[in-house]
Amino acid sequence: MNYQVIIEEAFEEVKKDPHTGRVANYIPELALVKPENFGVCLSTVEHQCIGTGDWHEPFSIQSIAKVLSLSLAIKLLGKKIWKRVGVEPAGTPFNSLVQLEYEHGIPRNPFINAGALVICDILISELQNPYDDFIQYIQLLANDDSIGYGAATANSEKSEGYRNVALINLIRSFGNIHNDVEVVLDFYFHLCSIRMNCRELSRTFLFLANGGQDPVTKKRIVSSSEAKRINSIMMTCGFYDEAGEFAYEVGLPGKSGVGGGIVALHPGQYVITVWSPGLNPKGNSYRGMKFLERFTTCSESSIF
Amino acid sequence: MNYQVIIEEAFEEVKKDPHTGRVANYIPELALVKPENFGVCLSTVEHQCIGTGDWHEPFSIQSIAKVLSLSLAIKLLGKKIWKRVGVEPAGTPFNSLVQLEYEHGIPRNPFINAGALVICDILISELQNPYDDFIQYIQLLANDDSIGYGAATANSEKSEGYRNVALINLIRSFGNIHNDVEVVLDFYFHLCSIRMNCRELSRTFLFLANGGQDPVTKKRIVSSSEAKRINSIMMTCGFYDEAGEFAYEVGLPGKSGVGGGIVALHPGQYVITVWSPGLNPKGNSYRGMKFLERFTTCSESSIF
Amino acid sequence: MNYQVIIEEAFEEVKKDPHTGRVANYIPELALVKPENFGVCLSTVEHQCIGTGDWHEPFSIQSIAKVLSLSLAIKLLGKKIWKRVGVEPAGTPFNSLVQLEYEHGIPRNPFINAGALVICDILISELQNPYDDFIQYIQLLANDDSIGYGAATANSEKSEGYRNVALINLIRSFGNIHNDVEVVLDFYFHLCSIRMNCRELSRTFLFLANGGQDPVTKKRIVSSSEAKRINSIMMTCGFYDEAGEFAYEVGLPGKSGVGGGIVALHPGQYVITVWSPGLNPKGNSYRGMKFLERFTTCSESSIF
Amino acid sequence: MNYQVIIEEAFEEVKKDPHTGRVANYIPELALVKPENFGVCLSTVEHQCIGTGDWHEPFSIQSIAKVLSLSLAIKLLGKKIWKRVGVEPAGTPFNSLVQLEYEHGIPRNPFINAGALVICDILISELQNPYDDFIQYIQLLANDDSIGYGAATANSEKSEGYRNVALINLIRSFGNIHNDVEVVLDFYFHLCSIRMNCRELSRTFLFLANGGQDPVTKKRIVSSSEAKRINSIMMTCGFYDEAGEFAYEVGLPGKSGVGGGIVALHPGQYVITVWSPGLNPKGNSYRGMKFLERFTTCSESSIF
């Protein structure tokens, strides 16, 4: 398959559309990013790496970090984590708080904020030095020691995160947060603040496209079965209230962040990352969604 | 891959467990079926057909029919149907009615009852002779003229379906049902009442594992792109409030019915149908779920 | 107290405001009524009767009938009815269906549609000839044999009442409707269709301002304690999602209907009825609310 | 009316019942109080004061303080406060968070926790020295300089109040909290911690039974119209999810607290306070409710 040509064509096609979506403005640091940014990178399990546009520009990965924290929690504790968080899609965003009440503080899945906060709580309990240990894990996945937290973004989020404070205290009232809520929130905002570019992010997710093993370093990160299961959760829960739309239009497991990044992968073949900070009304990258629709249509590489 | 051996072993393994789940008792006709029934059939796109247990015993396909009615609506109207029904997972069953209110009568997806009722309404508007035309479509897919409605089951459901009557009237109040509610409900109950055995059901779904084309008769049913999209909806919405669990444990697109049937498929390879009428607490076949978990684990054929 | 002067002044004051609210248009028959209609009648327990404006013009009493059906159910069965319906305010209208699910088919109070349907179901079970017996009860209260059902309005409602059909079927699915849903709905729509003018309606409610006894005929309708309790339910639940507002601004127990009528009463003193068919956004008579605010302010007759 | 005899008889009657309800245990300090405590005090606007049982024993007034903070906010700002909080009953407790989302951070009324937090926020903005100014206001109402905060109880609540932290942060996310959330919560917990006995509490509420004016000192606290309106909100919203039941069974405006106190009043006549710390399943004093039912039945002093 000539991915290079398909990527270039899809990229140019989407770029023609003057519409870029709206940059998230509830986090001051994110609001500074220009909506015109647009980059793509595809990394294959056979070490190929193709990119275009602003693919060397670092951005805040935001919710994409939730896949990485989940993978570490699974690596450390295995199936035990499913006592504290579910694997079901969440329905309308309107339901977030009512669902927690109805289901007694067990978040529906690890990719909604409530679930990601529980995963952070688990990591804080399990890791000796949570901040150091986590970033080292990311550096291992990225095979790159320069990856770090974006302190400015983390602090920027904390100043406006009233809704997350509401959420974590509600979960805490049901006993499903074991550490201090301030500590868990700070760790959570730091995870979301990690900065990478498209190339680094594709590289980081490569183990999930390769049955849990890094195809370059040959290091095993999670078991083959665990990798499949993480991918399945991306499929059903990776795109806020647009997971079904993404499965329908793109047909790959993936995860998006409000920083405008989307990572998607074809098991056994590749990881593709696209970044454009303008968002659609559901909070996913406007150009990112468009590009991936075109890409899987032209490359006929939906998993369905 | 030696599917025969894997199927036999998984079948025997699951059969050892004395637990069978509970047969649905809210529909009088279904309550008569013995929980010990257990059959499996796998049909490949290369015309292989393997079965075991009660795979020649017909059963009521119930909600599995929702995939078939959706495929016919897509065949007839294409993307236009998505103005009247969404493609997103629905969240907790508790939300069904409140979601319709919140989203103004547009059901979240075509596999929850609300959405299936809207699809039935569409078919009644589009088909000359809905009952005849629909069963002929099923006979075409099954390549078998003997498939028919189960009148007793249909009437049995109608006598107790107060909740469905509530649902359709609520949708009607938002203007998203265009035909008489009694007519739509009767058609809906007839669709659910269709009887097939595991072999027939696998055969019927084969076009969805083969890019929309019947691999035996070579007749095109829907486009390749449409087939992929139907599969993606099965992935995200096919198992009531256990879609995430099924994606996580089995890793195939599929659809279950309260009659105890489950159809799952691996795009490009096979359809597998399992039937055992005892249900788990979420309403999916207890043994069916167990069997498919083992089957995809042993055959390593999750799509992730 | 010179009620005559206070009523005239408040009436003229409110009439000056060119705004009348919007006439309910979801029931075709109601949509025909002119928004300019405006009438008031006060009847005291000491046989005084004062009126102004269109107080001899009959209108559809709609939900005001729910107080009368409740009083008859209490007369017939006493406290037993509270096993099937509650006495708590219902919160947002959005909650109506979700509340029934959460509370297993027991409506929160007898003045929301769900509760009024259960009361109708009770009356159908208890009365020999529900339609005749009920209208005779109303004629007894009104001391007037000419009161009757408004057949055109009843049929007009039936043709558009999808939401009520949804509601009653949902309650039925929990076993809290014992008669045929069609029969209960027809009876319900007939109750709502009863036509009276302001004078007749004030007369009809007089027993509730007089401890359960008709102050003119001296007939006892309900016990003193039952009258107080019916009044308390009007206080907390009589105005859809504006019960608190009415208690706050007017300070009397009362009940409104979408036909534009409002009945309010001061225990031990009087009943006051106002009719103006234009409604405010919460569904209560725009001028009716305004008038009663002025009236209780000027007469200082809030019960608080 | 010989209130003394009626009170004694009702008191003895309720005391016979060995059942006392369960003392609230989610606040450590409250859990220490003995369930057998039971006291009553009635104060009339004509300076009569009658008591029995443990009526000189101080207890934590808890949510009863919400009426006093509301009265001060009204005194300071008048109707302006209704832009930030409503006057409607709240429906099921289940709805608390979902209601805030649905109605964009405007709590339904000032007596649910969400609304009381907004009132506290208003007082912090308006008062020079909130803690001092507020307790002086209470001392003025009680005509007693010894009334103070219960620091131990306030701190005890703070340690377990995750749900209130969730609530206030959710309201804050909609912009309806203007001060630091920690500051508002601390003030709120201090208000709830105020300790009084039955006699003092009846005295404190006397102005609301006397048209807003203290009948002893003749000081005007709020206008007659404001007093009526505060009473009306107690009527519709004073008893958590049992406001309708209280209106139905007792028929007086009132307010309860989880400390086991209930204050009720008959406009123009008296305030009656009852305290017994064992609660019924809805969170209102078990014996308090029973006593007031008997009292208003025997004295025939329901306002309906």
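Letters A, B, C and D mark the chains as written, and numbering starts fresh at 1 in each.
As a working rule, a residue touches a chain if its C-beta (ideal position, glycine included) is under 8 Å from a C-beta of that chain, and two chains touch if they have at least 3 such contacts.
Please read all numbers here as calculations on a predicted model, not as lab measurements.
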By mean C-alpha position, what chain is farthest away from chain D? B
Just give me the whole-number Å value for how far the CA centre of chain B lies from that of chain C. 48
Just give me the whole-number Å value for how far the CA centre of chain A lies from that of chain C. 55
Taking each chain's centre as the mean position of its Cα atoms, how many Å separate chain C from chain D? 32
Residues of chain D that touch at least two other chains are 94, 102
Okay, what are all the chain pairs that touch? A-B, A-D, B-C, C-D
Write out the stretch or stretches of chain B touching chain C in their complex. 94, 97-98, 101-102, 162-163, 165-167, 169-170, 172-173, 181
Within their complex, state which residues of chain B touch chain A. 86-92, 94-95, 99, 102-103, 108-109, 225, 227-229, 231-233, 235-237, 241-245, 247-248, 251, 253, 267, 297, 302-304
